[in-house]
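Next come two complexes built around subunit A: one with subunit B, the other with subunit C.
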Partner chain A sequence: KQSCLMGFASHKVLKIVAAPSAVNPQCSNLNRGFHRAALRLQDESKSDKPPSSSSSSSSSSTTYHEHYQATEHDTAAEASQHDSASDPAAEQPERPNTSYQDQSGEHGEEYETEEQLQSRILTAALEFVPLHGWSMEAIAAGAETLGLSSASTGMFYNGAGDLVLHFIAHCNSQLTEILAEQHKQVQLGQAEPKKTADFLREAVETRLRMYIPYIETWPQAMSILLLPHNIPDSLKHLSSMVDDIWYYAGDRSTDMNWYTKRAVLTGIYNTTELVMLQDSSPDFQDTWSFLDNRIQDVVNMASSAKQVESRKNPNLICGLET
Partner chain B sequence: MSAAAHTAFCGWSQVVSPAMIRQCLKCRVPVLQQSTRAYSIFPTPLDSEEKEMLHRIVRVDHAGEYGANRIYAGQMAVLGRSKSGPLIQEMWDQEKKHLQKFNEILSENRVRPTALLPLWNIAGFALGASTALLGKEGAMACTVAVEESISEHYNSQIRALMEKDPERYTELLQVIKEFRDDEMEHHDTGLEHDAEMVPGYWLMKNVIQLGCKAAIYVSQRI
Partner chain C sequence: MFQRRSRGQKYTFWLRDGFRDGESEERIKSYHRPHRRSSMQKSEYTCDHRPRVYKVFENVAQKYDIMNDAMSLGIHRVWKDALLHVMHPQPGAQLLDVAGGTGDIAFRFLEYIRLQEERQKRRAARSSQTPSWQDISNNYSTEDESRESRAVVCDINKEMLKVGKQKADSLGVSAGLSWVVGDAEELPFDDDQFDIYTIAFGIRNVTHIDQALQEALRVLKPGGRFMCLEFSKVNNPILSSIYDAYSFQMIPVIGEVIAGDWKSYQYLVESIRKFPNQEEFKGMIEDAGFYCVKYYNLTGGVVALHSGFKL
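Moving on, here comes the complex of A and B:
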């Protein structure tokens, strides 16, 4: 099993080393330099180890440090674990949303990959967003709370974009967890399956409520997401979120319905998000009623389409009325 | 399909052993649980490369079976009432089964279907109908050309999967092999029924095969 891990680790090494190859190789060395400096600082100023999502065992900082020194020249040190961090695609080609499945996978040695470290810094940075906005200052402040130098922001080539994408990925994985939990409840018979329209409404509301703590600065975040170099990633996140919601709503279509349903939900989600930005009603009531109306519109459209179709072809089914 | 089987099984086994009764309790779970059954075609992808490869395979195979379905529908529309009607119907029914299987695999594994499905809908039907207008030989020639393309395509997929890891992809390989054998059977049936007698056989066959290759290339990506 250990050899299997190492085999896997070497595979991961190739991936991680290859990923920043588009960047100046000196930068990637600088990257690793930062990482090591960050780790050393962390060791020295260690009073309590921040709860890393990757480690469940309580190993002492000395073994961490020893092991780290023993493999100092081996870049496999950075890649000995599954990527359990939901780090946005800044470093990795794979969709970050899938990484939540690796949560608390194998805990080989007490390492942290670079992605995990970045993820921790960005998570810590989130609490400074109301103060500094979505910016490098927030990331620097976050790094400082972890006991790292604020120069470790050099790791983040995309700056504020990294922070926003990290937050979005985090929200998406939270949403998926909630939906999966509900799905399990229904399967166990402990909960009633909801009608599709209600399911969609609740899923979108749950997801949008995650923005409430940052609603003041959310317009800035949205504009960052619209920057050309961030658009592929933000679209990826959006499409995987919408796919997840439909999957848990029970959609198993294999034809053009697959596309139309997702397009419709994307439209509903985006417009509701925009409404939420300038909603000043208590607890965003106006937003939720807007959402409700939009979903109702779609349901009505679908049922009239169904009526027309069923006169032509009795075998056609459309899922939105169930 | 499995839900109906489950409920039938439940009713019958009320009287029998506790093991069967336990299985019966699982029946109450709604159809959504299909994804957690023990037997599954796909292994869970280890990384995004493998996922991309497997998704492409399923996407293009699904598109292929969908297209083949429509081709036979087109042929039936023209030749349905002729002597070769029952023969074409039989081949069509097999393709329907293939399509159903791929529908299941696609939805269970959350693979995106190709966006060009409406195009294959129309193009397939048009191809089937127009070749059938050349008579039974024309329809058979079309069948031969398409089935040969599809068999070649399945063979290359089988080769690719075998090169990677035959054990990991056993179930998927089994499905593809079975379908490839069916398609070869259709190809041979077509040849038996005077496909080569149609005027311009060589030209028609090559044009159709070129079209199939293009369709396969595009469906993998879009």
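Moving on, here comes the complex of A and C:
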């Protein structure tokens, strides 16, 4: 998909976390394998904290090391991504910046790449966001919990923007997993397929619920996303998320519908997010009822438009009714 | 004019016991720790630039700051401020400024941290409501626990450190500042001590740059940052010709007029030309073991700021 290549060409952190959202659903097993492998890496790295433990005896780390060496000479990032994408059990290491990383076992903690370390730091920083806001202080506190000096925050040239974008990418990948899981359930016949409107409603609600722990500071995060140098990345995340939701909703359209549907869902999502920011009802009930109403509006509009247009051009609007 | 030191007065490398004779002068407090490596042979020292470099800076120490302003037309302040801005130190960070001489970077570092802390306090005061007595007492206990940021200025040359100390006294800055005599190729510090290592306009004077980089890697904590400000290659041909003309014709003249020392500033300009360019230096930093190495060109390449992380 086009968004797949856009993900590769852009910000390096997103290569790791956003890759699943851009991959087709038949690789959904691969996504979960990657997620498990990422968790395993986190556990390994925590246990391998003393730098001289390069001779750790766990077999998974040695296979990682071999795989890492094998991909060290890849010159094209796309090639390495596709190669490693076919091996679900292994990590997806990025092309390393320097070629000497695998020469000796001295760099014990360097069995991961810089981007993976950065995403680990940002994940650790998320728990300090309620305290420090979306800022470099939160990243510094996150780095310190990993045992790194606070000076390592200098790696994040975009500062707070890196943290927010990392969080958004993380939420998107979680959403994709949930949707893929549901899709699998439906395929296996264990669950009933939902109507489109319900599906959209639940997908948007699930996605927005991920903001609830950070809702106090979310206005700050939104303002960071609107900074000019962050707009391309935030729009890319938004569009890939909306694309995923529509894909799992069953949309396979190839005409103007593709654009109108995504534009509509983007509008619904953004307005609901804004409502959520100032919602004080228990468990955000007002927000979800607002969401219901908006989706209902769209359904009504689509069906009435269809009635009007059906005589002229039967193929124009489809998929939103029922 | 400044005082010239009499001949025959040798400097004490008192970390290497009995290596050189020296005068007993006012000792500047140092971190005394036995060296891990065996002391080097005397012949190695006489073959390198250290005595010459030492003499150069010994001669110019008193006028160092004035000369910096005159030669760079005051732009060196902008460069040093840019270094701090890129560094963006967090409160509690420990800085080691090697070849720090008169302490410019260390003063700016402490000021930056002080402003950061004030800003944080203001933000915390604004957001918190009237704290209860429990909260106030908790705040008192946590204030002492948080690490205070510290700046250590290390230089091979005692004269430069003396000038720096005088500056510190006149500015009234004393908390969190230490002055240490030491050689960049063999730092008198333990491993994993510092968050940030800076060397501003000093690394070209080091004989074995790779050793200095290795030492930097050693004393930095994991996650620590290495930052180096140094003169570098100007790529733009027009700017390059202006810069060359200015360097070779104006700077020694200024040196003679203000500091009375043509040769030292001739040496300065030549050492700038001999220093590797941005990409080569970046390669050297990566070879030493730093990651995420990046450089920023300031003033069109006249000065380059290199940064690397120990990960």
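Rule of thumb we're sticking to: the second predicted complex is superposed on the first by the 206 of 322 C-alpha atoms of A that agree within 3 Å, B and C clash if a C-alpha of one lies under 4 Å from a C-alpha of the other, contacts with A are read in each partner's own complex, and residues count from 1 in each chain.
What we mean here is this: a contact is a pair of C-beta atoms (placed from the backbone, for glycine too) under 8 Å apart; a residue touches a chain by one contact, two chains touch by 3 or more.
Bear in mind the structure is a predicted one, so any value in this text is a computation, not a measurement.
Novice: For A:256, decide between first (touching subunit B), second (touching subunit C), both and neither.
Specialist: In the superposition, A:256 contacts subunit B only.
Novice: Answer with first, second, both or neither: which of subunit B and subunit C does A:189 touch in the superposed model?
Specialist: first
Novice: Quick one: classify A:150 as touching subunit B (first), subunit C (second), both or neither.
Specialist: second
Novice: In the superposed arrangement, which partner chain does A:243 touch: subunit B (first), subunit C (second), both, or neither?
Specialist: Touch status of A:243: first partner only.
Novice: Output check: A:292 vs subunit B and subunit C. Expected answer is one of first, second, both, neither. What do you get?
Specialist: Touch status of A:292: no partner.
Novice: Can you pull the subunit A residues that subunit B and subunit C both touch?
Specialist: Dual-contact residues (subunit A): 98.
Novice: Help me check something: in the complex, which residues belonging to subunit A touch subunit B?
Specialist: Against subunit B, the touching part of subunit A is residues 93-95, 98, 183, 186-187, 189, 193, 243, 247, 250, 252-256, 258-259.
Novice: Write out the stretch or stretches of subunit A touching subunit C in their complex.
Specialist: Within the complex, subunit A touches subunit C at residues 51, 97-98, 100, 107, 109-110, 114, 117, 136-137, 140, 143, 146-155.
Novice: Can you name the residues of subunit B that touch subunit A in the complex?
Specialist: Against subunit A, the touching part of subunit B is residues 28-30, 32-33, 47-48, 62, 103, 106-108, 110, 112-113, 115, 117-118.
Novice: Per the contact definition, I'd like the list of subunit C residues that touch subunit A in the complex.
Specialist: Of all residues in subunit C, those touching subunit A are 86-90, 92-93, 120, 195-196, 220-225, 286-287, 289, 291-293, 307, 309, 311.
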